[in-house]
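Pasting a structure here, questions to come.
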């Protein structure tokens, strides 16, 4: 007797849970042969709004964790992804990739996560400084996370692209609302399951499936979103979103071309979502003799 | 004994103010094609000088000159050589320090003791500090050979004219860029004296171009397609419109905008020094500072005691002739700004807050506003949320450190904050939690070229000073992209 | 351990016992050293010229406690000093006399004799000056000797050892006992700020001395470095200002040691003016413990009047 499959319902990943779109809408995902893979949720602007709320909460917990802890969690994502290698290879081949290329992509995604896991506890050392100011003060400058980043995930590399935009955001201590590439929803949601089992606090990553042209403008205008990552937006949409971002002076990252995710990343994505804070603290002379010349 | 300090005026003649000043383009002072503008001395409201302004064609010429200088001279030059020019300029400023201080005080209206002791020496220090970076870019952590962006268009405000010019020009040049910079309409003079210093330093023509004019010139400049980078310091509304018009152009942008800084005083603060810090925070430069401590958040248990000391101290402030060496608070930069301050202060009264001003007599000419405290204010009042940009302090209270933090962060701005406490762990904890680009513990309004400065949120993005400030003028976009897809601007060799 | 002056309730409570005194002093707000030094430096940039400068010079002269406190002091030295105090610049008899002369107690009688009728006061140091290291009996005998010799003012030293060991009650009691021995003489309490070493201690010791009834709080003996500095004096001026705000009583301040030039003196007067208030610009409420500054004041005074620089040969050395 043949076993009747129990197909998965593809939902959003918001606040650590998997809700349907509040709009109830879906859209069909098809494999390389045009066969129906699944019905993915078509996220609405209200879903986006809820995701931002979840991200703001998640940001509180995530930015309050120690860098070491964040590194361990990102490494755990790598562990969980590696454990589900076969499943992701199958998903990618069904989406049209060759078996070998799919394997390489999953391996690269795992390695990418490992790379960023190792960055969490090094950012202030590399991008911060003790400032040699000319006065009786100790001054330091250190990077801090920007907050909530809205991301348009790239097309063309369903897993590696997604991981390559999310990981640097998390590394810095930020939370994100990611609009997955429309045809890649099946990979994105499955990746959401990986996140859900990796001790990532709810809300730190929120994955929305659906149309970026429809949702992204709401995120770009949302006053509680601090930054935008426009990697997956086409030129026209990206410019429209850059304009909308100016209303609330958001930080905007827009790659200068199609990112080559196969190559080692630089630090631009890390730095794009960090704020440098400078602190001054007086160091008084310990005795009156060391003080004023008067 | 009643002891009147006799007038102690600095000599205006030392400023050698000319009748007319010219734009500085491609290494020479040239007539601009725009209408002359008149600049006034805020301390007297009288005409100080005239300046020839530029038109669109002049801006084109300036950008072209900057591009030529960049490609032919400045980018090929070694960092060490570039640095030497900047060291020369630093020395030149120091040599003409007294003259520059007088020019700045006459044109801006701020007290001579501030221009003499802060603005001018710090401007010199900015050039000196950045000169040293020019041949050390490989140590910034941005790669073995970070490249400049190219030609930078820069627009600066009227509150620290010379210092803002230094903050913009020095890092841009140290990183290998050339610049076209526009001073504010009401304060065009000190940068044109700086142009003389720059010319005397033999800086190659076109590396620095100065284009005086009004808002339309600023708009023309920041939107010029020949630029690779735009840097703007000014109000948040203008910053927003620049960010919007640059969308999709690929040109790099940094913004230094407004603020509503919280100065937080805990019950265990060193009270007398906290009073000094509050006074410095809001009355330095007559409060016309983006990072002013314009909201006092005082712990409720000591609020009454602190306010009594604060009022007594504010009463001793000497408001008057900016050229008098004993003046503590000078003039407001323009009639327009004075009106804005007056309107917002009145809004405070209308909304039910208590408005108290120092009883000092104000000069009968010039644009002056008395040091003012607004108490019985709630967080939602306009005077608590909007940037007044004048010598007006809004006072709010809090009960616990968490509440102080929440109230301080409860603003779209995020430029500065002050924390007054003798408890080290609390100072550190507050500094970590405040969403502000610069946090001053037990002090306020401290600036140094080695310490980055800039905002969170609607106070802008990008930093000035320190290694992060250098990054703003370099091509730091190190994400690998597919060759066929490379678009738009990039660092040029 | 009750004080001898009527105080508001919260201050009466403070002196009820050594424990409450300690709690009160340690509960005073701290002083941030960087902040206070910056304020002192900023005020020191005040530009005092012309009529304001002349007025300041004359005021400063009238505030000087002309001092000699050397082992080698003799009757002759003291008499010379007194003449200088009474008539600082013989070519300009309108120059105010100094407020006082300050001498060791065994020479107080000599000074009293010399200055009789001139209005110049005689201040005598006492209480095992400068170290203060002796028994209470000896310190009181020292004081009595000076008072009986006719001294108008007694400059005592506090027991710094007791202070630094936290025995604030001991310090307090000694001041009270000396005050009781002073009779009509005004009591200056020398804190020896250089040994107290922190601005917080300067504030606390100032309050302690005020609570114990001192008429003046004085920075130093002049025998220990650092002696008077502007920031230390700022803290003490703030203390007497706060004291008046809380009690209605005005008390006096005297920086001593290290004030060498007219420029220094004028900076102190600016501090008095802007930190305490113009009511303190009077020899009754502020003094300079100094010797060499008087000649510089006289030279500067001549310069202001004549328009050319003066020289040391035109003022007398004593």
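Note that the chains are named A, B and C in the order they appear, and that numbering of residues resets to 1 at the start of each chain.
The rule is simple: contacts are C-beta pairs under 8 Å (C-beta built on N, C-alpha and C of every residue); 3 or more make two chains touch, one makes a residue touch a chain.
Source: prediction; values computed, not measured.
Note: the chain lying farthest from chain B is C, by mean C-alpha position.
When each chain is reduced to the mean of its CA atoms, the one lying nearest the mean of all protein CA atoms is B. Highest inter-chain contact count (C-beta pairs) belongs to A-B. Each chain gets one centre point, the mean of its Cα atoms, and the points for chain A and chain B are 35 Å apart. The distance from the centre of chain B to the centre of chain C, each centre being the mean of the chain's C-alpha atoms, comes to 45 Å. Chain A and chain C have CA centres that are 68 Å apart. The multi-chain contact residues of chain A, meaning those touching 2 or more other chains, are 137, 282. Shown for chain C are the residues that touch two or more other chains, namely 32, 34-35.
Each of the following residues of chain B touches two or more other chains: 442-443.
Those residues of chain C lying in contact with chain A across their complex are 32-35, 37, 40-41, 44, 193-194, 196-199, 202, 225-226, 229-232, 264, 267. Note for the complex: chain B touches chain A at residues 125, 141-142, 236, 239-244, 246-248, 250, 255, 257, 412, 427, 431, 436-443, 446, 448, 450-454, 456-461, 463, 466-468, 471, 476-482, 484-490. Residues of chain A that touch chain B in their complex: 126-127, 129, 131-135, 137, 139, 141, 223, 226, 235, 238-240, 242-243, 245-249, 251, 255-260, 263-269, 271, 275-282. Within the complex formed with chain B, the residues of chain C that make contact are 29-32, 34-36, 38-39, 45-53, 55-56, 59, 238, 269, 273-274, 278, 281-282.
The touching residues of chain B, when paired with chain C in their complex, are 1-6, 8, 113, 117, 268-273, 276-277, 316, 325-326, 422, 442-443.
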